[in-house]
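Dropping the structure in here first, questions after.
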Amino acid sequence: MFEAIAFYLFAFLTITMFFITVMSKHALYSMTALAAGMIFISAFFFMLGADFLGAVQIIVYTGAVMALYAFGMMFFDSTRELKEKNTPSLLVFGLGGMAALLTVIIVAAPIVSSNITAAYPIVEGVGNTQAVGMVLFTKYLIPFEVAAVMLLVAMIAGIVLAGKKMDVSLTLVEDDVIPQPEKEKEKAAS
Amino acid sequence: MLEPVNISLESLNLSTLTPMLIPIIGALVILCIDLIKGGLNKSLYVMLSLLFLLMDFGSLVDFAQLFSQNGTMMGFFDVMLIDGLAIIGQLIIVVSSMLFIPLSLTSKRFHEYAYPEFYALFLFMIAGFQFMVATDNLILIFVGLELASLALYTLIALHNRNKSFEAAIKYFTMGALAAGFFSFGAMILYALTGSIEINQISAVLAADGYSNIGFVLVAVTFLLASFGFKLSLIPFHAWTPDVYEGSSAALAGYMSIVPKIAAFVVAMRLFEFLVHSNVIWLETILYILVVLTMTLANIWALVQSDVKRMLAYSSISHAGFVMAAILIGTTQANSALFLYWVLFAFSNLGAFAMLWVNRQKVLIAGQDSDHPFEKFAGLIHTMPTAAAIMGLFMLSLAGLPPFGVFWGKMYMIGSAVSGGYTVLALIMALNSAIAAYYYLKLIVFMFMKEPIYQTDKAIHMVNASMPLKTIIGFATVITIFSVFIVSPLMEFITALVYNSGY
Amino acid sequence: MEMYLYIALFAPLVGSLFAALFGASPKTLIAGIVPSALLFISFLSSLVLLVHVIDGDVVHVEMMTWMAAGDLYIPFGFVVDQVSVTMMMVVTVVSTVVHVYSIGYMDHDKGFNRFFSWLSAFVFSMMVLVMSDNFAGLFIGWEGVGLCSWGLIGFWYHKESATWAANEAFIMNRIADLGMLIGIFLIYWNTGSLQYDKVFAQMSGVDISIVTMIGIFLFIGAMGKSAQFPLHTWLADAMEGPTPVSALIHAATMVTAGVYLVVRANPIYDLIPDVGYFIACLGAFVAMFAASMALVNRDMKRIIAYSTLSQLGYMFVAAGLGAYWVALFHLMAHAFFKALLFLGAGNVMHAMNDELDPFKMGGLRHTMKGTFIMMTLASVALAGIFPLAGFFSKDLILEVSFIEHHYILYTVLLLTAGMTAFYSFRLIALIFHGEERYKLFGFHPHEAYKYMLIAMSPLALLAVIAGAFKMTYFEMVTKILPMTEYHVHNPMVYWIMTIGTQLFVIACILYAYRKYEVVKEDKKMEENIGYKILWNQYYIPRLYDEYVAKPYQELSRIFWKDIDMKVVDATVDMVANVFYKTGEKTRGMQNGNLSSMLQWMVVGLVVMLALAAVYSIATALVAG
Amino acid sequence: MMEIGLNHYLVLSTILFAIGLLGVMRRRNLLMLFFATEILLNSVNIAFAAISHFYGDLSGQMFAFFVIAIAASEVAVGLGLLVVWFKRSGSIDLETLKSMRG
Amino acid sequence: MDSILTILIFFPAVAGVLGFVVHKDSIRAYGISVAAIEFALSLVLWMGYDPNVSGMQFMESIPLVPEFGISYLLGIDGISLFIIIMASFFTMIGIATLGDTKRIKDMIITLLFLQMTMIGVFASLDAILFYVFWELSLVPMLYIIGAWGGPLRIYASVKFFLYTFTGSLVMLVGMLFMAYFYQQATGVWSFSLLEWYRLILPENYQLWLFAAFFFGFAIKVPMFPFHTWLPYAHGQAPTIGSVLLAAVLLKMGTYAFVRFSLPLFPDASVFFMMPIAVLAIIMIIYTAMVAYAQEDIKQVIAYSSVSHMGVIILGTFALNVEGIAGSVFLMIGHGIVSGALFYLVGVIYDRRHTKMMSEFGGLASVMPRYATIFGIMMMASVGLPLTINFVGEFLSLLGFYKQSHIMTLIAGIAIIVGAIYMLAAYKKIFFGEVTKEENKNLPDVNKREMFALIPLTVIALWLGIYPKPILEPISNSTESIVQLMHDKAITQEAKARIPNLVEEMSLSRTLTQEAH
């Protein structure tokens, strides 16, 4: 009973929040709603016993991602109201609605299967974090490491792209007007 | 309490990781070198990358031999899966990368090559693709895919001009949507089967007798949409022409080969068992996708005015053509896919490399893109060899025998024929005829028209350098004499594909 | 004997090639003399062969293989038997005369050398035609003479009318040749061979309907060469060629090839008397038809051409009725006097600066005595007055038709004989008698070269005496042709017929003289509708022009402009354009807008989902 | 209705996903478009967690975990791209991204 | 002698590659020598050819892709031998008589490559190898038309390429099917024609495959209604291009009918005989009429080519030795004659730079030698006996007469309509008064042009008078094809339509014995 109430409550909240995110004309509202929605999602995670995931959700999303977006917003100076020329909304809503409807029709059906076996069963009495750690560092060590590399890549990408070196494009200027690298300059001087 | 896990190191089969680790280590080495001493010449990084890729290649060859003896290898809690597909896929990825990386040794300086990070990201990307093909775990596929994609977005943007940013952003945004599709699809499969490993999934589905067909279809729909994006199937193709146009020709050529083969391998793993399960819907959908992709892309390529954009559409069409293999689903078809792609890789490499050497930095009056057809008008007068080579690649791409792509095409149509897809075979054949038109268009410009741009500035071969010429020469030789490598290649591929059970 | 055969056959070819060597150079007398001499040699060889063959021997040689594929085997084989030797004699005699004559006639022509080359080539083709021992060889000659006729009719190629006539002749002949070809195919597939002897030997075993077909198709071939109705128009137009050509080709030799074919194929026609009867009827019709046109024509050469046509009709009557030797005999006699007539006309033309209208001549007998005598002789022979050649040959045909109880044919032929006499002497009267009208037009006529007249004299002689050889000829030729003697058994009837005919003919001659001795304009007659029809050649040429040539031209144009360009080619281009236009129209879908790109992706997803929903619901329904 | 089963979560996830799609399709501001892509990934995460819960299997949570990681890295790269683009064009509106077409 | 075919095929290609190095002033001499050597080699081939053997000779076989049954399989019989010789002959005189051409070096090298592909097509016995050369031959021709052609050259060349390419892709699908059926029957893949010959297919398969192959061949021939690329190609191509296109390239289509369609699908051939005959008749008459309406002399000859190809097709589908041998002979004949006619048009085009017939008139007096040769060739084209075309036309029609009387009768109209357009064209150009001032002083054919024209004239007459040296080997090889077809035929009708030579041969032998 409690579960149902909680589910419907949070479902309603997340849907509303995300709807605001998608529909609001204000970037700030939008972002705030997104952050809120994500926190509500973490509530689901806790409800579902995925405590670790819930924590990560809050930390990563609300902590890191939202902070990034906030910085971005400030950088882009998009706190003011946005003038968006939106596409014919009938098409957009139609498509979105259709996608939802069709998927729901199919997905609402119960899954009948007797062959599902849990490969990594959730053991009673073991803390979620512990269990997750166990699986993550055995079975999913490789994806984990790859994810680490991915984050590294993302970091490099972010640094490189936002870096000063991008300001003058070597691609667009002829070779003879490219400023010589330091070393060669020195060489030329000596 | 959880039991402590005791695992013997041998059972992990750590060696299955070597092919992916090598480029990662390479990337890290490059980053370290840059940290220690900045401002080194790009040739150093190119050669380093090449060296690591060579090692990677060596390890793969080793695996190929191992595979022929031991069959499929699983590693690391069965996350790693080194079967024939993985080996061929990785070989194609690594060899193509080896051929494309020297294209950065241009005589002109371009922005991205000033970054050592470029090479690091390049190697990371390769590792990502390698992970993608060497596993049947959806998580690793996803992570590998994203690793590669993120690196690729950056590489595109690093070209550093408006069009390349535009391209990167478009690619990125659509990629994000596709990532959403992938995760949703994977989620449904997981909901259905409680597993995220493809062989497990197929086993459960088969055991259930596909009773939850609706779920399966939704999952396949989303996954197809996601891989449709990577493989640039219509209508998920929209990024392709813009991204190709926006990025440097070298990278565009690379994109037309490597990400797609990775995606093909995954698609083969994902959809092949479904095709064999006689789900009519999937067959229909794939049929429609394949035909639409081949035909529409060809039709759009007809009307392009920029060679690179034309080649972009043509590569969409080629992808659609090859996608037919997944639809047909026989061993012959799957082998044909790889054979086609290898031969296509060489021709496409050549074509894009030719565009790359033609790339001038400053557009002259009347030129509104990097490689408009007009630029090549009368090339036979000014540079007969270049014109002949470019013409050769065009003919090869058009599927004219005995040049490279023809053999792939023939084998593919042959597999359609023996797979019972007569109409498809005809459509494929006729599409080649449509395609011939736009390839001919370039030939017409090069061989039959007088030069259009009257300029003293060199606009052809400005970017040429020894390594580029070598690469082009190599591609030329392979394209012409492909008939001699078809047989061993086919033997090799078929053995690998067959022994992997596809 | 083989050597003589080859000499007779190839001497003209050598002559032709010799003259051709000088083809592009200005007039060289030797280019005329050598071919003439060679032809004389050919004539001598033919004579030798005649002497050899007259007793019943046959010379048969097979020179080499021509075509061999599958079961088909066609050699270059030649046979000299009694029939072919007749033709050889006719051909060589007339052509030798014409060659010598031409040296004078073409004296001032730029194309002198070319003329002799063509003329000798024609003789060679004609020799191949008559000497061949198989149908394919016959066809070679058949087409060869067609070619040479084309070249010679259009000899003065700068004249539009000449080239037009040349093409007309060639094409008309081709139409008939198709029939001939089909006949040959039929023969081959039914007998397995094209050799005369084999074919004829097997013919009796072939189904009669097929023999009929063969007969009809071969005769269609003959109709073209011999200008039988309705393929006759070319002959009159062919008069555009130099007159010696008309004498040789369009009077003596080529046009009689059709008769020769029927005679040669007599074993076939013997089997199918119905077809023979049709041939005879057509012949009689043409005889009358052509003669009627000759009555009013104002063109000297055309009159003679129609007369030729008419006489060919006679020959076909004979051949059709099975009197092959009679046909052949008339062919021979006719060749002599008709060639003579033409050559005489040539002299007149020369004298009158190529004027052809006899109404502008008159009284030429004073200046051109020799020509006058010879032409009169020839006309008398043509009219069939005793004792000249025409009497023996032509009256024989009348008798044949009478004896075979074809009285209608007989009547037609008799009337035609009268008409023949009339128009022949109308011509003589107009040219040689009456006032010297030519003076009004400022002509200064003169007699032709002596040697031209001398050259003509053998023909004159033959025209006079040929009838005497009738019995000898009969004995010779019936060694291979059906030996039917035609005698009216009742002497009373015979004499009435002969004398009656003679009287009738003479009456016609006298009427012609009376009417045309003094020329006066006869407007009333010219407005007569019958006259108009005749004057316009029954409107047939116009009919052909309006309803065959023009529609063909128009249809060709429609085929090209409207069908080939606008339908066939346009369809091909349309297919290409559809693709291209689709591309042009839909490339806007790639509008560069990221939102639309994303929307396209979702569209794809939704469509697939919809299909998935449909499919899964369908499966559920089927299962449920 | 009151018994919350897996299907409830799946439906919820689908609805959220559809909202994300809606946003992706209609947003013209790139930054806000990126928000929508976050929604897509998040909606899936709920479903993963739910499935994991109902099947008593940890793989779903693992997947969700990696999805979060991926989402985070995408944000980094995406923002990096936006920053450069903004520096160049002074706008992050989609309308500015139209130089290539056809 | 063992690898003479390989040498024949690749010698020009290698020479072409080396030709890039040769200086452009000397390239003509180089080209002539290469082509002459090649021609000599082809004569050597003829010397070595044994006319009494009806099967394949000079066979070479190297597996290329053994897994897929593709091999480098060469061999010739009487049918291909002479077309090969003709191809090398035409290339030789083509190069030798090349006029002042811009970028002559490119032209000669292109011609040498074209020669490789031409010979390759006729020497291949492996379907894929055949296809390779078949397609490859499009490229040099595309370049020749597109780079040296008239004002519409690009349209014409692209149309030529795409049209033929499309057709042959359908053919490729057919080939793959054929190989697949072979694989189904025997368990191994093979594209070897000789292996395929042994395969007897059910009739409905034959019909479909026949249709697929037909599509490729018919466009190449070109058969109505697929012919419209040809007038453009000819109209725009430079002289040498037209000559080779008409003389050799078109023969690929008809040759392929004989080599593939007939022996592989005898029942389908019988089934489709009448429809194809109808098409052939339309080609013959309709295009002849279209030719008559043309204003451009080259177009006249182009359409006349289509018309003649109709006769060849008809002969091919006579399905008996006479017809097929005739059609093969006509391929040679038409090659010689139309090649010569195109060359002749080139001669006049070089002088006046126009091909419109209305621009000429009365040339017979200005250029008598030219007029004579043109006249001979025209008469050969019209099919006058003792010229080369007559033999072929006669045998083709004769052969088809066995199958259908009425069709042959209609097809025979060819000899009438052919004469009409040819004579009309000849009249317009050569007869009448010289009206145009420019035409009054046109030089007659010069020595270089004579070098091409004299041999062609001699051949046109020689083979018309004495076709035996060519007709005999052709006939022998044809017999084996016809016998193969008869043996393979499964329907009653096909058995009846295709003669059984085993009996008939003995019959004919007795007949010939009688003759001697």
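For clarity, chains are labelled A, B, C, D and E in written order, and residue numbers in each chain start from 1.
Simple rule for what comes next: a residue touches a chain if its C-beta (ideal position, glycine included) is under 8 Å from a C-beta of that chain, and two chains touch if they have at least 3 such contacts.
Keep in mind it's a predicted model, so treat the numbers as computed, not measured.
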- Contact tally winner between B-D and B-E is B-D
- If you average the C-alpha positions per chain, which one ends up nearest the average over all of them? E
- With centres defined as the mean of C-alpha atoms, identify the chain lying farthest from chain A. C
- Message: Roughly how far is chain A from chain E, centre to centre by C-alpha average, rounded to an integer in Å?
- Response: 68
- Note on the structure: Whole-Å distance, C-alpha centre of chain A to that of chain D, is 6
- Note on the structure: Taking each chain's centre as the mean of its CA atoms, chain A sits from chain B at a distance in Å of 27
- Note on the structure: Note: chain C sits from chain B at a C-alpha centroid distance in Å of 77
- Query: What are the residues of chain C that contact at least two other chains?
  - Reply: 576, 587, 590, 592, 594-596, 598-599, 602-603, 605, 609, 612-613, 616
- Query: Counting only residues that touch at least 2 other chains, which ones in chain D make the list?
  - Reply: 6, 10, 17, 20-21, 24-28, 33-34, 43, 55, 57, 59, 62, 66, 69-70, 73-74, 77, 80-82, 84, 95, 97, 99-102
- Hunt down the residues of chain A that sit against at least two other chains at once, touch-wise. 87, 92, 95-96, 99, 103, 105-107, 109, 111, 116, 118-119, 131, 139-140, 143, 147, 150, 153-154, 157, 160-161, 166
- Message: What's the complete list of touching chain pairs for this entry?
- Response: A-B, A-C, A-D, B-C, B-D, B-E, C-D, C-E
- Given the complex with chain B, which residues does chain D contribute to the contact? 6, 10, 13, 17, 20, 24, 30, 33-34, 37, 40-41, 43-44, 47-48, 51, 55, 57, 59-60, 62-63, 66-67, 69-70, 73-74, 77-78, 80-82, 84-85, 88-89, 97, 99-102
- chain B residues touching chain E in their complex are 380, 384, 395, 398-402, 406-407, 410-411, 413-414, 417-418, 422, 425-426, 429-430, 432-433, 436-437, 440, 443-444, 447-449, 483-484, 486-487, 490-491, 494
- Note on the structure: Contacts from chain B onto chain D in the complex sit at residues 138-139, 142-143, 146, 150, 153-154, 157, 162-163, 165-170, 172-173, 176-177, 179-180, 183-184, 186-187, 190-191, 194-196, 241-242, 245-246, 303-305, 309
- Item | Parts of chain C lying in touch with chain A, wherever the complex brings them together | 595-596, 599, 602-603, 605-606, 609-610, 612-613, 616
- Item | Contacting residues of chain A [partner chain B, same complex] | 103, 105-107, 109, 111-119, 123, 125-126, 130-131, 134, 138-143, 146-147, 149-150, 152-154, 156-157, 160-161, 165-166, 169-175, 178, 181-183
